[in-house]
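A, B and C are the chain letters, set down in written order, and residue numbers restart from 1 in every chain.
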Amino acid sequence: MKFFQKEIRLPAYERGYHLITSVIEDALPEIKKIGTGQLQVFIKHTSASVTINENADPTVRKDFEVHMNKIVPENMPYYTHIYEGADDMPAHIKASLLGCQVVIPITNGKLNLGTWQGVYLGEHRNYGGKRTLVLTVIGD
Amino acid sequence: MKFFQKEIRLPAYERGYHLITSVIEDALPEIKKIGTGQLQVFIKHTSASVTINENADPTVRKDFEVHMNKIVPENMPYYTHIYEGADDMPAHIKASLLGCQVVIPITNGKLNLGTWQGVYLGEHRNYGGKRTLVLTVIGD
Amino acid sequence: MKFFQKEIRLPAYERGYHLITSVIEDALPEIKKIGTGQLQVFIKHTSASVTINENADPTVRKDFEVHMNKIVPENMPYYTHIYEGADDMPAHIKASLLGCQVVIPITNGKLNLGTWQGVYLGEHRNYGGKRTLVLTVIGD
């Protein structure tokens, strides 16, 4: 049973949804040696998220940004956590709705994702800067 | 420490929320031999979801379908990913709001769910067809 | 490879969002002996949730409560699962939107959370009573 962990620092992404599957795979060549296992992708922030969705058509990521802004709008009169800007509190709520982590099965040395699945970074701040991920692999 | 994985193909379910706890348990008799462990249920699709909710009253599943359609309505004028139909983009957003996977504790040979907890398949397409789950068990 | 599990009973919290990181850490001194691992926090209920968000400013938790009530309002005319009260069905939907579990990396004997991350209990019922968590640690 192997168990290892890596922290990686992502470049700063603009606000929106970004495919990071290949960034994660490139950081973890060790996955090739895992027959059966799991990878956890965990983001150490409360205003960005990690989720899995459609990996092909960029319009999906664009529509995510627009509709999530409808579900969690800026400048609601009742927000009190506003001193960091209009994007602050909505970013926190989006982060919990989408989640800060995903666990992905590993099978025969590869992430066992569906054909159309990719890992998204949800950047919910206007200027979130670089984000840190903890990648934890367990398997044999 | 045992570690094993199974892919199962679900029958096509109609759009809505469906209890699949027993389908999963029936596919994994090996759980009976696990003292302490975890089961991950992962769906290999981006327009269906896996979540845990109330296992007794079917009205909960009905209300989920109706209210999730209010949170993520069809035919929003700003959707651009629409060529697969009005249910396409909303299905992607619902899949990420509810999630593509859950990890369930295993204790003394059983899924350690609360009395009222069951595993839901959220089918967000009108005709999603058969869905594939990856079931990963780790434990000893 | 160590693998252990503990069930803990939380005191009854009022409706809203509550930081429970230290409650979990106090229940698991064994984490100090884990070099690399993971902790899963799983709640055995369908009207309360576990999520990770900002651990410092209480206004974040207050704004969560207010805005989640906008996303999932009470007394929608189409709710049919209403006999337990107006807070019943919305509590189920919030529980699945936020999730019933999180997995947290363990590194060098500590939960590897970001500086601003804390574990939230989301209590979505007006009188939810005591809630039970299953804490599962794996690591070496």
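Methods note: a residue touches a chain if its C-beta (ideal position, glycine included) is under 8 Å from a C-beta of that chain, and two chains touch if they have at least 3 such contacts.
What you see is a predicted model, and the numbers here were worked out from it, not measured in a lab.
In this structure chain A contacts its sequence twin chain C using mostly different residue numbers, the overlap staying below half.
The two copies, chain B and chain C, are related by a rotation of 120°, based on C-alpha atoms and rounded to the nearest 5.
One inter-chain figure worth recording: chain A and chain C are separated by 20 Å, centre to centre, where each centre is the mean of the chain's CA atoms.
Within chain B, the positions touching two or more other chains are listed as 1, 71, 97, 99, 103, 138. Across the complex, chain C meets chain B through its residues 1, 3-5, 40, 42-46, 71-72, 76, 78-81, 89, 92-93, 95-97, 99-101, 103, 132, 134, 136, 138. Chain B meets chain C in the complex at residues 1, 36-38, 51-54, 57, 59-60, 62-64, 66-68, 70-71, 97-99, 102-105, 107, 112-117, 120, 138-140.
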